[in-house]
Amino acid sequence: MVPRYSRPQMEAIWSPAERYRIWFEIEALAAEAMAGLGTIPAEAAKAIRDKGGPRAAAIGEAEVARIDEIERVTRHDVIAFLTFMSEGIGPEARFMHQGMTSSDVLDTCLAVQMTRAADLLVADLDALLAALKARAMEHKLTPTIGRSHGIHAEPSTFGLKLAGHYAEFARGRARLVAARAEIATCAISGPVGTFASVDPRVEEFVAGRLGLAVEPVSTQVIPRDRHAAFFCALAVVASGIERLATEVRHLQRSEVREAEEYFHPGQKGSSAMPHKRNPVLSENLTGLARLVRGYATPALENVALWHERDISHSSVERVIAPDATIALDFALARLTGMMEKLTIYPQRMAANLESLGGVVHSQKVLLALTQAGMSREDSYAAVQRAAMATWEALGTPGGRDFRANLIADPTVSAVLSAAALETAIDPARDFAHVDTVFRRVFGEA
Amino acid sequence: MVPRYSRPQMEAIWSPAERYRIWFEIEALAAEAMAGLGTIPAEAAKAIRDKGGPRAAAIGEAEVARIDEIERVTRHDVIAFLTFMSEGIGPEARFMHQGMTSSDVLDTCLAVQMTRAADLLVADLDALLAALKARAMEHKLTPTIGRSHGIHAEPSTFGLKLAGHYAEFARGRARLVAARAEIATCAISGPVGTFASVDPRVEEFVAGRLGLAVEPVSTQVIPRDRHAAFFCALAVVASGIERLATEVRHLQRSEVREAEEYFHPGQKGSSAMPHKRNPVLSENLTGLARLVRGYATPALENVALWHERDISHSSVERVIAPDATIALDFALARLTGMMEKLTIYPQRMAANLESLGGVVHSQKVLLALTQAGMSREDSYAAVQRAAMATWEALGTPGGRDFRANLIADPTVSAVLSAAALETAIDPARDFAHVDTVFRRVFGEA
Amino acid sequence: MVPRYSRPQMEAIWSPAERYRIWFEIEALAAEAMAGLGTIPAEAAKAIRDKGGPRAAAIGEAEVARIDEIERVTRHDVIAFLTFMSEGIGPEARFMHQGMTSSDVLDTCLAVQMTRAADLLVADLDALLAALKARAMEHKLTPTIGRSHGIHAEPSTFGLKLAGHYAEFARGRARLVAARAEIATCAISGPVGTFASVDPRVEEFVAGRLGLAVEPVSTQVIPRDRHAAFFCALAVVASGIERLATEVRHLQRSEVREAEEYFHPGQKGSSAMPHKRNPVLSENLTGLARLVRGYATPALENVALWHERDISHSSVERVIAPDATIALDFALARLTGMMEKLTIYPQRMAANLESLGGVVHSQKVLLALTQAGMSREDSYAAVQRAAMATWEALGTPGGRDFRANLIADPTVSAVLSAAALETAIDPARDFAHVDTVFRRVFGEA
Amino acid sequence: MVPRYSRPQMEAIWSPAERYRIWFEIEALAAEAMAGLGTIPAEAAKAIRDKGGPRAAAIGEAEVARIDEIERVTRHDVIAFLTFMSEGIGPEARFMHQGMTSSDVLDTCLAVQMTRAADLLVADLDALLAALKARAMEHKLTPTIGRSHGIHAEPSTFGLKLAGHYAEFARGRARLVAARAEIATCAISGPVGTFASVDPRVEEFVAGRLGLAVEPVSTQVIPRDRHAAFFCALAVVASGIERLATEVRHLQRSEVREAEEYFHPGQKGSSAMPHKRNPVLSENLTGLARLVRGYATPALENVALWHERDISHSSVERVIAPDATIALDFALARLTGMMEKLTIYPQRMAANLESLGGVVHSQKVLLALTQAGMSREDSYAAVQRAAMATWEALGTPGGRDFRANLIADPTVSAVLSAAALETAIDPARDFAHVDTVFRRVFGEA
């Protein structure tokens, strides 16, 4: 992932040096397990740990370059790494990797990296959820117009909007936790998963120490449906980011102006137009969502490996495992900051709510009419007539508003007095159940 | 979905008539709930149920056409349906749909359809799992070569291969059950989810009767991350289908011939070449997997609806909800039948296993050499030398096999006697842990 | 594709009966070519044409069912068709399909169907281009605000917006014409493309009669990169549809109200809210665009068939070839109608243009200041200052507009008189080059 | 893109420093154009070029960091760059970027980068085409079995296989050239594409100098359908890579062994199994193809920007423009090297061709029988009977081959003598038209 969209903690998980350190840990743990089972000498395991540990810990740019150099000859990354480690460990190094296959190391390492990445993403989501909850509580009863099809529908509150996004990200978090569990497995089962040359207890030991489950049945690799499900879970979270980003972009439109991304001192909105303050963060998040979603497709294509494995998944994962997790980590952090600092304009929300002459109360009138005995069809026709007349007169000086148009309609006034009309459209009714929803979402109102 | 890939039970879920019947059930239940709360007269709810029930039950092609005709005027499907029902129910029909919005009906109906579809798919998976388990048990110890990169690696058993696919589909089933729970929600919350004109207890009542959970917070619609997660779950199952289909296609290759799709009496493999027996079912499944995967992308794009909803998701779902579930239902059933009837050729598996002169035992020799004191690097070089010599001589009359080449190598024979070599590569060791894996996968060995 | 999104002419191309009729035409032409070359008796070709022609022409539902019935035994569609035709043609039928393979028929038929579908889509695009051009000419100089990031930027014209969409669809048309040429090939080259049993001149003859090019080199099939490129071309057109649909959705928002989809007499916008008039057509188009885009992914996955072919592409194409072309045909026609009837509100456009107190002229002031000698940085700061002050005062009674704020700034008034300011922001300058753009796009202004 | 899959020449196009240099070139050319038109002083343009040129040329890591630092304040990349340049140019810098908007620079720069990238990719394809042609000519008449469904079908030649891939990449090249032309446009049209503050002749001048066409109508940006079509073209090329890679993977399978990727001295195929020589390059290419294909989806989603533009496309393009072109460049170069060095085993091809007892000649017998007067149905049955008997006896000592089974069938021998049978299946007939195909593909045979 490009530096612009990378945060250091997530990036560190995917660094070559960190990868080698995890490889070593797996090899050292496996050797210790084998020593415990008597498969290799206890001194060998000790030597691997004692001499290899510091060597692995010290891997930096120069050592990575040295391993790369060996790989250019062997054309095999794990063998290059083992050769590099052997140089430091000495003859006991031959007891490393006994009966194992490269994928035992590679796939268990990937599981360690992906679970760490998932942990960061879950923490990111927790921060986002906290921010959303705080803003939702703050604006629990801030009236705003609810819109369907981009058209004013009925009153809602800004807190309710945010509660919906909160609930969506809470679901995303649950899916991510489930997906984390799916990819948190360890396979040390040999070239075709038969444990022909490695005892299953080695796998159990290493898994336990790394906080992973054993992979019940592997081929040469951990099955890729697990990873596909993981990337799909990221894709759904990304789509939720896009939904909230799209909401903010809409609210910041010049004609709406109900909310605005924080505009920093010194910030310039446009090189050409000094008046511009643009929702660039939420637009950026929209693009990042597309990226993260896009990585799900190759992850799905990775599942159908040939026989006990082919290596076609590897190039895909070298790219998308860091790219998808780094981009999503960045996006979640950006979104959290953006929501925390979002400038919200309740007056503007109130003004927009009233800007259509009251037609947004049409359903309540419709109900009042049907309850007063008018047929649904007639009620609908009367209300639509009044609403359309109001709409046509919008902005016209002296144009009648929705209430006036209703009262002027004899079929309406025949069944509904002006007072009854006011009662019917009392805005207090609109928010009577906000508490119910908040209790459902936050467990408190 | 085209008839060729449709099975009647799944197709029925998505028929227009069934959709209208579910709509009616939602409206009738909502009316009953409202009557219980005193919002509408009890007689109205009774009339809706008593007169509407038979009318809805009788919806057939003619009635669908009549509703379509009304829709051509109203340009709104739910209003067209309500109008049609009103014609049969009479004046009390005006109490139908009180305070509700179309999406309350549409989305709750979709939840009913998708959960039913999910139930069929889970049953399909159960049948597939049973078939795979039976064949896995049958071939638990049938030796076959494990292959990585399409190259012979080490011995495995055909049962182990199938155990891996079994475990993958069991995970797919678990994901589908989770995804089913995600989309099994009912929303009856009015135009922007505020319950402004409908009591939340109506939602609770209808949800309970339909076996759904209430949607904790909806906009005008049930949030689409739920559906996106559902289609992703289908996509991962589809990829698992492709993996097994690819395995069968490989096994049936002319050069491999280890398994073969059942060839029916009367079947013709090719219009031109009467000798052909092709793995057409598994190829077909490969294509169906692509289709089902392809539907995940638009489902993900459906999440970011505008504000409290726009209707862009609707056209997508009208197509992919039936198409993805129908195609997957067909594919799972086809795969189950194919696996049940798959002709398996153990002799051919045995012959292939031995066809490379014994090089497939190379890792066991490598281990024996390192345990006998040779360095890992020297051992690797010796074994690779013998393996490559064996490879070059393949098919040459009198060519030395792997054992012979090893014994002929003085660096090998210096540390490993011929007898020790035989012990090292004893095939019994290869399958010593098959029981362990079977216990992990099937809970029994 | 569901009936709701299907138009009869496009649907007819993909009907089973039409498919069989095209198959027959290919077989009959091939027989005639072979007769011409003396490979089969001239009377045989004549019998095939004379007896087979009417039989093929008469294929209806019953005949399709009969062929399906035969296929249930042969499990091979082309053989089933040949058997059906043989029943009508008699013994000379054995000269049909000589040296050919099923794919010769299937793929050439698909080429015929796809080229016909492409022709319809090109005609659809022509109608859309005509509609866009007419509306662009009509509103060539209708002032409207140009928006970037959803924020008012600088004045533009509604005609210019439409010119941009026109140019995009003109490019889409050109890509579609190129893609049509790509899939317009005929392959009659036998089981593995060697012409071992069929003379290449047969392919040339059939291609010529069907208006196709010969496929220079086929395997058993016409290579699928051609089809992938075709579906990608559809996907790009679909994305262009989404762009225009998104524009209309924005323009119809309650706060914007610059344009509106035609609202039919009798139409109902919402079952709950009689005041609603929603941009449902453009939202529907947005969803259809997602569908058509989604079909590109499986089409791309179809390219890498095994060896001389496998049949995995077939199930994909049975679904996406009709679905993508039918949905796009429907979408283009719907979009054309929508644009022809789109209600446009120039007064509202004018009002919105002025609604931000004149800040939309900021760049012209910036330029005037730098040309009057102020540094770019100072100019930017001054203009941004005035714009922000204007922004803050928006809607406040007595709030100063942009011009007033500028004049009140001594650093500005020091270099720019009020008169010079007026000259600088003269709106006439904004549209001075509309003619240039129209000439570039339409070849006329 | 990760370093492992990056080649320096392509990477250089996308470096931050190169990007700034191109930005400067655009700004300097625009200034020169404006000076020519008298919009800005000639000395200003000269100062920009003379002082800015060296400053831009000297941009290295430190300067990039400095610009990044400015961007952290302005939060706008182009303004940060202009500020940096102004520091070196002095007061005349205020004449830079006059009347332009950031996107004028950004999008024209992207066009320069993408056309350069396309040029490299076209050169890559030329090298690949040369390699494929050389190998195709070399093996024009090397017999090999053609396979459909993975099953032996009829004889073909290895050269014919390669000719098919050659033709596919030649089409890919043509599509890429077309896509290059699509994205080779320059837009300098101001904030909303009206040329309100910049003369269209500036755009024409800059376009001409940069070897680009003018964008006939832009919004704030160059329309993104162009870029979407470009990424689709890359995706189709990538799918062609996967097809050839899949072919090699199949040919290298242990059971097939007809071709093999070059195995370097020192290379190790497996950390566990020294006998392994794996088709890792072609598997790697398969994965890279998935990646490149995956980038097409977000590119398509980038098309529907809001109004005159939003910036959601930017984050997508910052990632996929380098990633897709770098990965494809690497993949094409890797594939070319792989094909040049591919070890081909004609003897093994010949052995496989004969391994099914001659059934691969079934169609020729079928034709001979029908031409000898037997009905198509009877002929098919007889040939299938003989083929199946041959198949059953495969590998059985003394099992009859296809010829023997045919002659032993009285219905066959009644119409076809043994001599006639030999004539019918003469292998010379199989390759009679290879010259025709080669002439069509290469223009020479």
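Going in written order, the chains are labelled A, B, C and D, and every chain counts its residues from 1.
In this text, a residue touches a chain if its C-beta (ideal position, glycine included) is under 8 Å from a C-beta of that chain, and two chains touch if they have at least 3 such contacts.
Going by UniProt, the chains are A, B, C, D = Adenylosuccinate lyase.
All figures in this text were calculated on a predicted structure; none of them were measured in a lab.
Novice: Since chain C and chain D are copies that touch, just let me know if over half of their interface numbering is common to both, same, or not, different.
Specialist: Over half shared, hence same.
Novice: Once chain A is fitted to chain B on CA atoms, what angle does the rotation have, in steps of 5 degrees?
Specialist: 180
Novice: Mind checking the centre-to-centre distance between chain C and chain D? Centres are C-alpha means, answer in whole Å.
Specialist: Once rounded, the distance between the two centres reads 24 Å.
Novice: Suppose each chain is reduced to the average of its Cα coordinates; what separation in Å results between chain B and chain C?
Specialist: Once rounded, the distance between the two centres reads 32 Å.
Novice: Chain A: which residues touch two or more other chains?
Specialist: 82, 97, 99, 101, 147-150, 153-154, 190-191, 197, 249-250, 268-270, 272-273, 278, 280, 283, 286, 293, 297, 301, 306, 310-311, 363
Novice: Would you tell me which residues of chain B are touching chain C in their complex?
Specialist: Interface residues on chain B, with respect to chain C: 1-2, 4-5, 73-76, 78-79, 82, 97, 99-102, 190-191, 197, 249, 264, 266-273, 278, 280, 283-284, 286-288, 290-291, 293-295, 297-298, 301-302, 306, 310-316, 318-320, 322-323, 327.
Novice: Which of the residues in chain D come into contact with chain C in the complex?
Specialist: It comes out as residues 82-83, 86, 91, 93-99, 101, 146-150, 153-157, 160-161, 163-164, 167-168, 171-172, 175, 178, 182, 190-197, 199-200, 214, 216-220, 223, 225-226, 228-229, 232-233, 235-236, 239-240, 242-243, 245-247, 250, 286, 289, 293, 296-297, 300-301, 303-311, 363-364, 367, 370, 374-377, 379, 429-434, 436-437, 440-441.
Novice: Please give the residue numbers of chain D that touch chain B in the complex, ascending.
Specialist: Result: residues 145, 147-154, 249-250, 252-257, 268-270, 272-280, 283, 297, 301, 351-352, 355-356, 359-360, 362-363, 366, 380-381, 383-384, 387-388, 390-391, 394-395, 402 of chain D touch chain B.
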